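In the two complexes that follow, chain A is the common piece, with chain B as its partner first and chain C second.
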Partner chain A sequence: MTESALWAIVTGVANVILVLAAAPFCEGIIRKVTARVQSRQGPPIWQPYLDILKLLGKEDIESGESPGLQRLSAYLSLAAVLTLAWFVPMGAAAPLTKAGDAILVIYLLTLCGVSTLLAGLAAGSTYSLFGVSREMMAMLTLEPLLAVGVIVGAVETGSLRLDDVLNASVYSLAAWPLAGILMLVVLLFSLQAFVGRVPFDTAEAETEIMEGPLIEYSGPKLGLFKYAQMSKLFVYCALLVGLFAPWGSQWPYPLALLVLLAKIGVLVLLITLVGATHARYRIDQAIRYYAALFVLSLVALTLALVGF
Partner chain B sequence: MPARNVLNQIKERFEPSILRVDVPSDNRLFLYVTPGVVRDICNHVFRDLDARYVVSIGIDDRPYSGQFTVAHNFGFEREKVLSSILVNLPADDPVIDSISPAVPAANWAEREFRDLLGIEPVGCPSMKRLVLPDGWPEGVHPLRKDFSWDLKPAKFDENKVFAFDDPPEGCVVVPFGPFHPTLDEPAHFRLYVEGEIVRGCEYRGFMVHRGIEKLADTVLTYNEIPMMAERICGICGCVHSVAYAQAVEQAAAIEPPARARFIRTIMLELERLHSHLLWVGLANHILGFDTLFMQSFRMREPIMWLCERITGNRKTYGLCVIGGVRWDITPEIKDDINRILDQLEKEWIAAAKAVQGDRNLQKRTKGVGIADAALVKDLGLIGPIARASGVPQDCRRDFPYAAYDQVDFQVITQAGCDVWSRVLVRVLEVFESIRIIRQCLEKMPAGPIQLQLDDELPPGRIGLSSIEAPRGEAHHFVVTGEENRPRRWRVRAPTYQNLQGIPAMIKDQQLADMTISLGSIDPCFSCTDRLEILDIKSGDVRVYSQQEIVNMTRRV
Partner chain C sequence: MTPNLAFVYALSICLAGSLVTLLVSRWKPVVGWLAFLCVFSSSSLVIYAALTVLLSGAAPALTLFSLAGLGTCRLAIDGLSAILLLLIAVIAVLSSIYSVRYMVHYTEYGLGRYYPYFLLFVAGMYGIVVVTDLMVYFCAFWQLMTLPSYALVRFESKKQENVRAANRYLLMMELSCGLVMAGAGLLGSGSQPGALGRYEFDSLAANMSSVLSADSFTAIAALLLFLVGFGIKAGMWPFGQLWLPAAHPAAPSPVSALLSGVMIKTGVYGLMRSFLWLIPADDLASYPAAAWGLVIGVLGTATLFFGTIQALKQEESKRLLAFHSIGQVGYILLGLGACLALLPAASTSDSARVLAAMALAGALFHTINHGLFKSLLFLNAGSVLFATGTQSLNRIGGLFKFMPVTGVMTLIASFSIAGVPLFNGFASKWTIYVSTVLGSRTAPYLAVLALFAILTSAITLASFIKFFGSAFLSRTSQLVKQRLEEKKRLEVDWTMLVPQLVLASGCLVFGLFPQTALRLLKAGLATSEHGLGATLADGLPVSGGLAVAGPGGHALIVPFVLALVLVSMLLLARTLSRSGGSQRRVAIPWLCGYALESEANRYTAHGLYGEVKRYLRWAGGTARR
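Entry: the complex of A and B
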């Protein structure tokens, strides 16, 4: 028992380190590829690491209505994502599968969004409140999608245990795993929204509401939010891979990790290209889009319930 | 005689009230009328004769005639006539009937002469301060001749704040500006927002008004003003310097040489090219579509290099003087222009196709920022805004200047009245500009580029000039004067009118659409404010050669 606990801690810490190390790299890829699409030179690929270091080293200015809550939300945003990393398989089995179930994962996903809401509410400026209301609308329609994705897996396996749900159990044993494939499509279409990139960056929308919830943040706190956003992108991609394309995760350690990173790389490229070729949607247009996806996901859930 | 025809139409109803008539040419008309009929006559001209309202100007003429003068300018597009309806007012009681109830577009201009000259427009629906800063003392009017250009009023109250109207019931106030990522220059919109819907707004701008019109009639000389005029705007500077020069030339009956007129046309169209490319980029940036933003800036860059090659500067060309231009277009430059235009045309065909087929862009811009033909008429909206509402209004064709009467081009119109139509108008106008420049290069005659002016310009004459700037009509009004400088110079930049349409365009729309609606008029607040920018460089550490700087900034 102690040995397995120790193992869980080792892999868990390894996951956290992996997320922290690789997330800025993904951001670097996004920036570089975007720049190439836009006929620009683009920053060096390690620029996001430097950006975060720079932000962390700056003076910590307390602006906004309730500084304590602002500080808390900055910590919470990164903490929630890093905790989530303990439940996602990255090269090895997910470290804490025995400690939590699919419901906990959904809660942690929601907590990431909640920390953004807190950040905006604590800042208390008009623009951040606009960002909060948009973020809230997006969360209410968006978060159920991932929940349905996890639940489809749970339905297929008859268990809410994470290690059962993960590892592609979304695909039922039926000849045509319709529910799983439909869910995969839905989540690929909503990935852009989950990571808050153009065309679904309505909550931040620099040219409309000036970064929304983050408007009052600078220095280390902003650094933490940025780091959390990058990490969120990495963890969401890893979770998507874990749910829908885990093939290769059973291979020996370094190989499984490389396969995972390659798959995440493909998703990151997808995110980049969609972001570079779209204009931002208005919140009502975005919500309508999410709602359509939600209906599809319910169809997938029904299919899973009747055994497809 | 189109100007005569217009005059006869007005005479039919107002003959007894017309004091004096001046028809200096086929396309200019100056009418002096009695103060009592000014609202009726403007109403008649604006509604019955369907003239477009241009601007109203207050003039302190006390040192010369002992009176104040107010001029209401109208453009008769069908007849191709620009006209001024002038009223003289007594020096001790400068009061005039406001024409805003009949001509809503006149609101700002009337408030402006009330602020700057103390001429009271009686019956104006909104009398709030427009141009002067909040702390400026009452009863001090900087454009009056007895106000020295460098005087600082003693009772300036730093702490006074502007009294905004109360927001409507159930609305939150969202301050938009003075500083906002999509505003390149300061302006303040106080938005009244209900949920995500904008219910109304109040505008407070003119934050960087530096009074260059005052400088022009006290300090500068005729040929210094074009250099100042092009510093009004960082994008369409050439427009202002040419418009000013043309107004003076028209007042003094000077005809610049043909080659100079062609060079002016070429530079104006180059300016439109880079301005439209800039706008398409910025509009896409506002919508979060940064790829098209970057691409259109890349395509724009060679145009900037071309301008630098011709004039020595990317912007602020120092092109215009009274009676001609300062830079010639040599055969080598001509080849360069042709080469770059070919390249741009090729790239822009691809870009235009991408824009026109982009459903995502259409989703964000169709039905957004509606300005229909009635609003265009009432508020005197101009340029791409008017043309996107199906109003075929274009000064290049309506009031031909420079060499536009010798080139063939199309006035692009769209019927959608929304931001999408404005995108299409500007995208397609790029091709027309390319056509115009090519024709100019072909038809440009040899000869001098400047006129030798031996005599002093005659004082007391009025000149009007309208130029189709990239954003719409830029209108300059000049009264010539003594001591080698005008008595009065009034600039009406296109944004001055278009900005007045914004409250109607954003009403009952999503907050998210506010920025692109505002962006769709291509606002140029500095034009509105007539700003002067001073660039102070400190501590020069190392002097780079031009080539070094070019090498650092360009990848050819």
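Entry: the complex of A and C
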């Protein structure tokens, strides 16, 4: 108990601090690069930090009929992402490998979505319910993709333990890991949707339904939601890195962390470039896109099951 | 007092109680409490009997009576029966408390057509899980379960559709009964009647060895009859769709809770008995377990997939819940199928043995959990119906403000059924996922079934976001405003809240400490009599701590630790949001500044998930508006 529990708490807290510190920076990069791609100057890179600080102090307008649930969902949105951070390796082994497995991680990602849904429902505006409907439809079609990624890992390693599925041989170069490569492709193609960025930001669609589930939120609650979205992007990228490109994670602490940050940086750039150069899909287009990816991932699963 | 004796007393109390409640049915304030007293005392006896069996082993069967030409009526409580009995007893008590206040609002119908049948129905369910004969007395208890519940489904007999639903229900149940009896007849016909009757479960099991090796066609035909017969009862695809979605919403809500939470589980119980306990442990080699595993696993996956998709399209609260009952039974069947698929490998590989045990335990665990959260959901829907007078999700909204306790209970139940971590549905689904994903080393197709189960779990979440969101959140609807003016207070009485509180705390306890349930199940399997099922007890991994782990620690969850982390992160988020010292202000939502809110621009349940519903039109399940 004592020593391993203490170690889990120390690394877990370190992960949480890392996420909270680095997530707005990623957002800053995204804004800056997007602006440059679109021939604009763009805000300074530390602007997201200031945005959050500003929102924390602003007036908090509650327009829903069940303010208690609105508050809970705002807290839950950030808390769910930060809890997820306890299960993702960031420089060291994942802190809570002894308290949950890969299936739990899939469901924790769902929990992150649930908080947004509850927020939209509790606000009760027509626009927020539009957003809830779309967000849920996206979750419906996206969650299985990640599940396939995890199941392929579990099939190949014979284990659902986090440290086996992550940091293990899904992407082993011993043989041609067809299933692993196919899953990598699928998850890279769905990355944009998982982090809710253009062209898959149908649920928020600022120009159409005005941030959907978040339309009625302001002040610290909006700050928490925004912070959660940034953190989700960071944690999700870290998860993807752990699943498919874990090399370097066994190196000593500061080095492994730097390698991880570099890989996350690459993913963030990828997300930015795709986002900056595409226009938003309609929800039906997005669903068809996800369905195609789902079929591909089924192929990957079949390949993994027959031993490729 | 021996468990058998306690059980007989319990049955007699129910039967006598039905007579008494019939006599005093005009005395409305008293009859409900009288019925509650009967159910409570009989359930206490049943719980005592079940716990005694679980703690100290199965009691020898008790011969009740013998009739010339019809054989002897024997009752036997073993571990598996005990688990089902516990579930039935707990839900029956809670449902009867709920009935007391709930039934008063039916002003047009007398209670003489409710409580007597309610007690008989409970007695029938108790009987069906302990009767050892599969012919005459099985039929007798089956009718004791079916006929009163038929009367309860058609309780509101002035509504034509309820009568039709009840008739269809009766027809399907009689068909199911006939099929099971035909299966037993097929198996028992060739055997020599020994000291026990020819169609006694033990005789059939003893006869199974020779049937399996000499006459495999008969064995397959009989098991197929059991599969369809009990499958109809359990709500298995495609049979469940024929009766379940019509019958469950038609009954008064406390009865819906019993039908969905408990009664369909007797079908699951029958399937487990016939596919695992009927086969002697030594005959595994001649029993095509893997093939049956494939059949049941695929049927289970079809059941969960279609049931849940059809549920997603519903816009009436209880009809939506009824479709979800089909969906959740699918998970149970998937667990049973996975267990059968892994059984052949279990004798050689330790890990397959653990996984097979986990699959069965997952199925049983989900049986219990579904009993808890689905009964709770039907009671929630009943309270909403009681308060607003409608089942239509399109006409209600914003109830959370007026029914906060019911709202929180519904949220807990919705999270439980949707498999949100920390709630009991997640724990049992996790057990099934682990056994199917890791079991794919033995039977590769299991991983694909697991994937569909995970996908369906997201659909369940979508459906309950709709259920909870459109009833309790969103905006106050015209109808709710109107009801509020009439009644002043919408939240239901404490007698209706207490059962919900008990069920909700059950969901939380099993969600946070799933190992308590697994320990109970292990005791159940260990004290069950004979058969393949009993051999799996020692394969079930149960540790002393808070963790639930798969074979070799290759999968594990510790919900309690997760809860600690989540709560501390919630506190962190709360501190962060308070740190800026911002002021709260209440305002009305923004509608582009032109129009004020009205019933016409309120977003209702009908509007949710339009595109997905359109793409999934082929999956069936018409919604009624």
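One rule holds for everything that comes next: the second predicted complex is superposed on the first by the 303 of 308 C-alpha atoms of A that agree within 3 Å, B and C clash if a C-alpha of one lies under 4 Å from a C-alpha of the other, contacts with A are read in each partner's own complex, and residues count from 1 in each chain.
In this text, a residue touches a chain if its C-beta (ideal position, glycine included) is under 8 Å from a C-beta of that chain, and two chains touch if they have at least 3 such contacts.
What you are looking at is a predicted structure, and each value in this text was computed from that prediction instead of being measured.
Student: Go through the superposed model and pick first if A:130 touches only chain B, second if only chain C, both, or neither.
Tutor: After superposition on chain A, A:130 lies in contact with both partners, chain B and chain C.
Student: Once the shared chain is lined up, is A:284 touching chain B (first), chain C (second), both, or neither of them?
Tutor: It touches chain B and chain C both.
Student: After the superposition on A, what does A:251 contact: first (chain B), second (chain C), both or neither?
Tutor: In the superposed model, A:251 contacts neither chain B nor chain C.
Student: Considering only the touch criterion stated at the top, classify A:83 as touching first (chain B), second (chain C), both, or neither.
Tutor: After superposing on A, A:83 lies in contact with chain C but is clear of chain B.
Student: Should A:198 be classified as contacting the first partner (chain B), the second (chain C), both, or neither?
Tutor: After superposing on A, A:198 lies in contact with chain B but is clear of chain C.
Student: Between chain B and chain C, which makes contact with more of the residues in chain A?
Tutor: Chain A has more residues touched by C than by the other partner.
Student: According to the stated criteria, A:189 is in contact with first (chain B), second (chain C), both, or neither; which is it?
Tutor: So A:189 meets neither chain B nor chain C here.
Student: Check whether A:144 is in contact with chain B, with chain C, with both or with neither, and answer first, second, both or neither.
Tutor: After superposing on A, A:144 lies in contact with chain C but is clear of chain B.
Student: Considering only the touch criterion stated at the top, classify A:49 as touching first (chain B), second (chain C), both, or neither.
Tutor: A:49 contacts neither chain B nor chain C.
Student: Using the superposition on A, tell me which residues of chain A are in contact with chain B and, in the other complex, with chain C.
Tutor: Residues 126, 130, 133, 283-284 of chain A touch both chain B and chain C.
Student: Within their complex, state which residues of chain B touch chain A.
Tutor: 172-175, 180-182, 196, 284-291, 293-295, 298, 358, 360-361, 363-364, 510-515, 555
Student: Applying the document's contact rule, which stretches of chain A touch chain B when the two form their complex?
Tutor: Going through chain A, the ones touching chain B are 34, 37-41, 126-127, 130, 133, 198-199, 201-202, 205-210, 276-285.
Student: Hey, which residues of chain C end up touching chain A in the complex?
Tutor: Contacts found on chain C: 397-398, 400-401, 407, 419-421, 426, 430, 433-434, 437-438, 440-441, 444-445, 447-448, 450-451, 454-455, 458-459, 461-462, 465, 468-469, 472-476, 547, 550, 552-558, 561-562, 565-566, 569-570, 572-574, 576-591, 601-603, 607-612, 615.
Student: Quick check on the complex: what are the chain A residues that touch chain C?
Tutor: It comes out as residues 12, 16, 53, 55-67, 69, 71, 74-80, 82-83, 86, 96, 98-101, 103-104, 106-108, 110-111, 114, 117-118, 121-126, 129-130, 132-133, 136-137, 139-140, 143-144, 147-148, 151, 154-155, 158-161, 164, 215-216, 219-221, 223-224, 227, 283-284, 287, 291, 298, 301-302, 304-306.
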